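Labels run A, B, C, D, E, F and G following the written order; every chain starts at residue 1.
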Amino acid sequence: MALTGSEATVFAVLAPFAAALVAPALTRLMGANAAWPLALVPAGIFLFFAGLVPDVAAGARYTPTLEWVPSYGVTLSFYIDGLSTLFALLISGIGTFIILYAGGYLKGHPHQGRFLSFLFMFMGAMLGLVLGNDLITLFIFWELTSITSFLLIGFDHLRAASRRAAIQALVVTGGGGLSLLAGFLVIMSVTGEASMSAVLASGDVLREHALYPLILLLVLGGAFTKSAQFPFHFWLPNAMEAPTPVSAFLHSATMVKAGVYLLMRMHPVLGDTVLWTTILPLFGGATLIVGTLLAVRQTDLKLMLAYTTVASLGLLVMLTGTSWEKAIEGAALYLLAHSLFKGALFMVAGTIDHEAGTRDVTRLGGLRKAMPITFAAACLAALSMSGLPPFVGFIAKEYLYAGIWGEGGVPLTLTAVAVIGNALMLVIAAAVAIKPFLGPKVDTPKHAHEGPLLLYAGPVVLSLTGLAAALLAHDTGVYFISPVVSSILGNQVAVDVHLVPGYIGAALILSVVTVVLGIVLFLKIDALRDAMARLLAAIGWGPDKGFDQAIAGIVAFSGWLTRRLQGGRMDVYMTMTFLVTAAALLVPLTLTGNWPDTLEMPGFRFYEWGVLAIALSGLFAVLVARTRLTAIVSLGIQGFAVALVFMLFGAPDLSFTQFMVETLSVVILALVMTRLNLQPRDHRPMLPRLFHGAIALAIGVGLAGLLIRITQMPFDRSLSDFFEQYSRTIAHGRNIVNVILVDFRGFDTFGEIAVVMLAGLCVLALIRVRPTKDRAAALDHAAGDEALQKSGEARL
Amino acid sequence: MAASNYNVDLSLAMRMDPVAPGDWLLVAPLVITVLGGALCLMTRKNTDAQPKVAIIFLSLLVAACAGLLARVLDKGVITMVAGNWLPPFGIAFTVDALGATLALTSSVVALAAAVYGIGDVDSSGRRYGFYPFLMLLMTGVCGAFLTGDIFNLYVWFEVLLISSFGLLVLGNERAQLDGAVKYALLNIIATTLFLIATGLLYGILGTLNMADIAIKAREAGLQGPLMTVAVLYFLAFAMKAAAFPVNFWLPASYHTPRIVIAAVFAGLLTKVGVYALLRIFALLLPDARVALADVIALVAIATMLTGVLGALAQTDIRRLLGYLVISGIGSMLAGLAIGTTPALAGTIFYAVHSILVMTALYMAAGVMRGLGGSYSLRELGGLYRASPAFAAVFLMLGFAVSGLPPFSGFWPKVLLVDAALVGGHGWIAASILVTGLLTTIAMGRVWIYAFWRGGAEGTADGQLTSVLVPAPGMTSASIWLPIGLLLGLVILLGVQPEFMMQVSGRGASTLTEPLGYLRSVFGGAVQ
Amino acid sequence: MIPVFEIAVGVVLVVGSIFSLIASIGLLRLKDVYMRMHAGSKAGTLGSGLMLIALAIHAHQIDVITRALAGVVFFLLTAPVAAHLLAKAAYEAGYRPCSDTHIDEMAKNDD
Amino acid sequence: MSGVLGYSSLFLDICVNISLAILTVSFFLIVVRIVRGPTLPDRVVALDMLVAVGIGFIAAIGVQTDYFLYVDIAIALGLVGFLATVAFARFVLNRGLARDATIVDEISQTQTEGEGGR
Amino acid sequence: MEGVFSIVIGIFFAVAVYLLMSRQLVRVLLGIAILGNAVNLLIFTSGRLLREVPPIIPEALQVPDETIANPLPQALILTAIVISFSFFAFLLVLAFRAYQELGTDDTSEMRVAEPTGETSPPQGY
Amino acid sequence: MTSLFLINILLALAWGAVTGSFAEVNLLFGFLLGTFALYIIREQVGTSRYTRRLWQIVSLALLFVYELLLSALRVAVIVLRPKIELKPGIIAYPLTVDRDFEITMLANLITLTPGTLSVDVSDDRKTLYVHCIDVPDKQATIDDIKNGFERKILEAFR
Amino acid sequence: MRTIIFRTIAPYLAALMVLFSIFVLLRGHNEPGGGFIGGLIAASAFAIYGIACGVAAVRRAISLHPMSISAAGLFVAGLSGLPSLFMAQPFMTSQWWYLNLFGVEVPLSTPLFFDIGVYLVVVGSITSIALALEERESD
């Protein structure tokens, strides 16, 4: 694998993981300043991908591949095209500033190194996700983003809210991931391809397959959860529990876009079907509206931004879901714009929080003097977010309006949704970027002043980039937007991007409407907020609450179920086990029709009948014994009879052993029972008695029937013939049974004596080792017994 | 062989060609563990020497199993018949990739446990047999994995069972005795069912050698009572494997012994049941597997879900882990229900993963107790601050058991879901995925309570209240080496799964295309 | 096989079994455990001893005969000891002889 | 000679069958005692008897089948039978000394019935 | 012969199973003992029965000259007897120790490992 | 005494090992040879009385058998009667013998005697408690034993 | 049960039983018997001895801890399978040696050693169980 060119992608993906390993040590060494050298890693990655841009823009596609799990056909392969390159640039580029920002934001924090480490791991996972070509590899990185974001969201782990948000994100996105895995596996089995590039080349195979609806739903399950589409949107705002660098990185620019990325990526093979153009706009639109409305309701800067992120993701999904070329151009532009302005705004919000000590917008104001640079960056980003020229946000909005409007019909609804959403977006932008800085100075918990370079470098660069991207609209179009759109559509297109619309069309009118609406709403923001609060209170339930209820429900249900299944009573366990056993005997015997139909009368001699009768009367004696002591003594009868049976039917060794063992069993039983002080009677109520009797009878009947059936079949005695043949001639023993035991099947005996030895050791361990505690109480119980016996021994 | 005074053609009874010394690797695991166990017991009063003897012998065991696996991968299935009697008359030891892999994994776990036991088992525990029990447990486990004779399999089952009894009661705490009563009785019922089925199988086919059974059962078909016997086998091994609804013994007992013992149990015992199911139903009675596929699938799904739900219902970590063991068994059974080569490969891979990760998790639970003073999720807290390194270890194990990448649990899950989807078993695939999610929730709950939360239940938000005084020995190498070893393997299998993929594939294809197995026993004449 | 021996074996067998039967009847008919022990330790031991001797005669092999005789000696040695232990245990456990028992000199120094 | 031989063999055969029949009856009588009790020592005495009769049974079977190897089984049975009786005696004694509820019940019952029980 | 034997064996199993479902450990153990005998008889019968011809080669012969009782099941049963005896001894002592420490032989009162009235799992975050 | 017996057994075993046959005839032969050997070296190890004792043991064993036969017949007569009317009792028998071996011998003989069964020996070894299945006259029973077994034992072992 | 009567007779009984057990062990290859039954008889002997004369007496008599005897038996049984390694034969292939002792041919074989191992395991284990049950606390 070469160190340069597309082949080096693997290093680019793995580099952050390496950085993750180094970060803690470096931070311990250099403190917050470690951010500078560490930021070189993403910066280098950015430069690497930037170097690929010209070729990619020219239509080049790379699939650098490394062997990984050849026997399962999994490779470590990457797919570099316009879409993945743009994402990689955003991840590494924004990532560079996030690392710097984190250095400043968590300066002096005892776990800063660990935090940076997590961030790097996340960055690597994200790069692997967007670049992944092999579907399994892609999925692994997909899950890795969930895992690392779990750690990042829960970073402030002593707070219950953080813990809740972390596990919520893990469960929702992890659960979606499982759906995606299933989807990928079905895709792999349908297409017979393991890599994204090959699947993308498969044309209509997926769309025309009977399993297409399933595949689509499974993939959407992954994408919608990851990209926080309604009704899975709730985890994202909760994830704002994470430190701000995390929010800025994961929950604006990168991870949440993974779902959008996947939809865009698979659009060529999954998109443009009725199902696609129905589901995606529906959910995307709903998410857009819900997100913006909920954003308005917030007063926390980060939460406002978070909800607008939800809304933006909805917008992107909606646009991708239309499958219209123009709309997708808008989506591509909006993707770029959003990453830039949202990343910047989150960092601004974090800086305000860091410097002023609060993020509550109602408690902020007049910070422009104290934090001029931050204010400037905020303004630039907010303008982009508001869709005002000359920012890339404006271009994006123009293109998307043009994209939706141009098609007529149903789009009217979509257009309305987009306009309302964008207007509300403007409201939020104004509220976040202008409200804290303008107006009279409000007292804040901390004395606010401008943050260090580490903190403002990011917002400034990102917002300026947003401006630059718009000013250099043509180049943006050539190098970024066209390749992306080509990837999404699956064929090479050239998108001409202009800052100044070359026409006075519907799009511009819609923009104006949006802006006007936005300003009106901003002026009414307090009323709007109250209205939303009342509305939500009236509804009183949301998926967020539903999540808690679901988890609590599952936990409570599992508790209930487990107590039913595992009640702790041995007799119930036994009964259940034998119930299953009875079924295991009777059902197959009946289904396969293998009950015996005849029973030949044997020519037993009278004493043979007698011995069998003794065996049965021994069983009877045990059953009817009213006390356990009687039962124990009665036990000897049947064992004795069994030994006689063995003797009568040509098994002297067995008989010998049975006599010995049976007697010794009784002896040990007696030795043990000597020390037990039992209540005499055995009370088993009638109903269980009948039930147990029925089960026991069923097992007896089943085994008897099976055995009769088997012994009626012809028998292959070849093994024993062999033993008879060679017992004396080769093994030098006349007692064939013993020769089997020590020679032919000596291995059995080997194991058997191991059992005997272990049993001895077990008993020793049982008797000799005494528990450490609770002993006195237990001994008390048996004490009277023991004492009496000791006095008894003395007398003997 | 002495000269016989009776004219007999030895070649009709015995193999005449010399045995390659390398084939002795087949019995080496048994000989090593038996001699080592006996040696430990003979010197049982010297409690300081015992760990050393045990570690030396178990290292030998690991080496022998590794050598065996290498030989199997090199030469294919190999057979040795004890006493040199021709199969099916003598007891054949026949080992394929499946048996060798599981034996190797188990021996690694045993070695880890032997090391962990240095700190966890006091001198009374050593004196009353921890190391002999452990080594002879390995005799049983390895014997079960390697034998090619069904009755001999029963014997090794009993060896491992009685060893497990000894380990379970070591210490004689009240809960241990209570758990042991349930564990022992129910397991004895299971092995008795196994023995009944074997006796009946002998009555039908007149043979005990597995390869011979495979041939004769294919000739006999399922028309006769063989099907019922197969169901009995399924029940017996399902009990051993702790499958729903006959798994009462596991949750009743696994949380009671010393943690290192629970760790060994969690790793090994149920897997032997799974192994037996694989061997019997994939190799010996494949027709019965097909006939029972739906039942097995149902059992698998129920086991997975009741297992993981059981885990969610627990407060005690050890009990929680016990239910996760059960849940994993469900996934393994799923592979058997699907029955294709990839599915069986998934089961084998899963078994290896489960052996490693469950053992490591129980050991980690021991550390949690050592650091936090409790096994209860209500009482634990603050472990993340107490030992970030350990927290990282636990987190990785938790992700591994949940089947998340890049850890060992991921690949078998993918294999199984893949095989289920390809085979049209959507419900199985869905169950495996849902189980994975629920497992993530269960482990996530452990993590947020025991590690992230600042202290015991009721700790104020944002506070770090737990006063953590690590128990003595919590920093010793005897605790960290074994956990590190197992975690390393868990990561290695996740990051570099190719070797395990190949081995699982080899093991699975021996099961589905048994010709190599049969030829190894009976020579080239088998068709 | 010499006919005399066969007839002797037959007679001894039947006599032995009759003693066993008598012992069993005694076991059933006698009133308390101490009296029942008389039947078992005398007639029972004799019965089984005789039958073992019958087998020894029948076997006509010196090793079987010695073993059978050794067995008989062994029973003679153990039977009274077993009866003694059982009687003593029953008595000390508190089982008293039946009401017909008119002398009980053990009871006097029991406490 | 052969005639006498034939008759004596027949006689032996009949005798063996008679003794087996008698022993079988004995077995049942003993089993009745074990089931009826009424006391623990009664049952133990009966069990001891069962072993004794079993030894006779083994001997008779040995004569019938000409397998003399049964002698060893008989001896072994005698040995462990003794051990069992000893163990049971101990058992009775210790339970009695420990005032085991079952034994106390039995004793009070036999006393109220006024005899050792039937 | 095997038919009648099978029925007797069925009764053995039924009695054993009935005892095993009892709540008293002592009776459960008796069930285990009977179960062991039942299984041994089952294997014995499964290998087919033959009266009175032990598998012992007479001194004068090298191979048996008549049909003898099937030796293999006998060897298997011997192994099984030994094993079940070992287990029985263990179980007995285990029951005894359980009784000592837990103060009961009623399994439904043995609730240390799985206590009654277990609290529900922890909730919240 | 005991140790000499054990030595004798060891000698018999050695004989068995040397001759390669543990058949009981061979062992018995070995035992006799051993007895002979011990007899040869009687002056060194003081076994002069050992061989005589051995003979007395054998003769006592024969006595056992004889008494047993009588006893069994007595039991048979009792239990086969249509109506069993007995006057059982436990009597205290004052012991003259005081050595363990002799007490044991006597107790066992008494058990095998018609109608009597040794129940216990008192702690001071002075009294033997005997259960009699039918004891119309206590003193007669005691005298029977005194003049029968106990005297014979004293004669044999003193 | 340390009555004079029992205590006096038990050592003889025990000695006889041990003798008998060895006899049963050695002839097992040809007649009913073998290591397991022999071991049980010997263990019964120790049990009787122990019940009559006390556990300490038995421990003195066998001098080693019974579990050590048992372990040694397992060790012997395991070793008896190994000689065939040097004959290029599989595990546990029987090897026979005919020793000439004073003109008598004594057959020694690995199955015999195996059976002796079985005997020792059974004696040790069962005796250990019986003794453990007999005595109370201390070791």
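Miscellaneous remarks
Operating definition for what follows: contacts are C-beta pairs under 8 Å (C-beta built on N, C-alpha and C of every residue); 3 or more make two chains touch, one makes a residue touch a chain.
Since the structure is predicted, the reported quantities are computational estimates derived from the model, not experimental observations.
The fewest steps needed to get from subunit D to subunit F, moving only between touching chains, is 2. Most remote from subunit A, judged by the distance between CA-atom centroids, is F. Set side by side, A-B and C-F show the greater C-beta contact count at A-B. Subunit D has its Cα centroid 69 Å from the Cα centroid of subunit A.
Put simply, the C-alpha centre of subunit B and that of subunit G have 35 angstrom between them.
If you average the Cα atoms of subunit C and of subunit G, the two centres end up 31 Å apart.
Between the CA-based centres of subunit B and subunit E the separation comes to 25 Å, rounded to the whole angstrom. Across the assembly, subunit C contributes 23, 25, 31-32, 34-35, 37, 39, 45, 47, 67, 70, 74, 77-79, 81, 84-85, 88-89, 92, 97-98, 100 as residues in contact with two or more other chains. Multi-chain contact residues, meaning those touching two or more other chains, occur in subunit B at positions 1-2, 6, 34, 37-38, 41, 82-83, 93, 132, 151, 155, 158, 162, 165, 169, 172, 174, 181-182, 185, 189, 196, 200, 203, 251-252, 312-314, 445, 448.
Multi-chain contact residues of subunit F (touching two or more other chains): 24, 107-108, 118, 120. Partner subunit G is touched in their complex by these residues of subunit F: 2, 5-6, 9, 13, 18-20, 22, 24, 27, 100-101, 103-104, 107-108, 118, 120-121, 125. The residues of subunit C lying in touch with subunit D in their complex are 1, 3-4, 6-7, 9-11, 13-14, 16-18, 20-21, 23-25, 27-28, 31-37, 39-40, 44-45, 47-48, 50-52, 54-56, 58-59, 61, 64, 67-68, 70-71, 74-75, 78-79, 81-82, 85-86, 88-90, 92-100. Partner subunit B is touched in their complex by these residues of subunit E: 20, 25, 28, 32, 35-36, 39, 42-43, 45-48, 62, 72-73, 76, 79-80, 83, 86-87, 90-91, 94-95, 97-98, 101-102, 107, 110-114, 118-122, 125. Only residues 68-72, 114, 136, 139-140, 143-144, 146-147, 150, 154, 157-163, 166-167, 170-171, 174-175, 178-179, 181-182, 185-186, 188-189, 551, 554-555, 557-559, 561-563, 565-566, 568, 570, 573-574, 576-577, 580-581, 584-585, 587-589, 591-592, 594, 703, 706-707, 709-711, 713, 715-719, 722-723, 725-726, 728-730, 732, 743-748, 750-752, 754-755, 757-759, 761-762, 764-766, 768-774, 778 of subunit A touch subunit B when the two sit together in their complex.
Note for the complex: subunit G touches subunit C at residues 1, 3, 5-6, 9, 12-13, 16.
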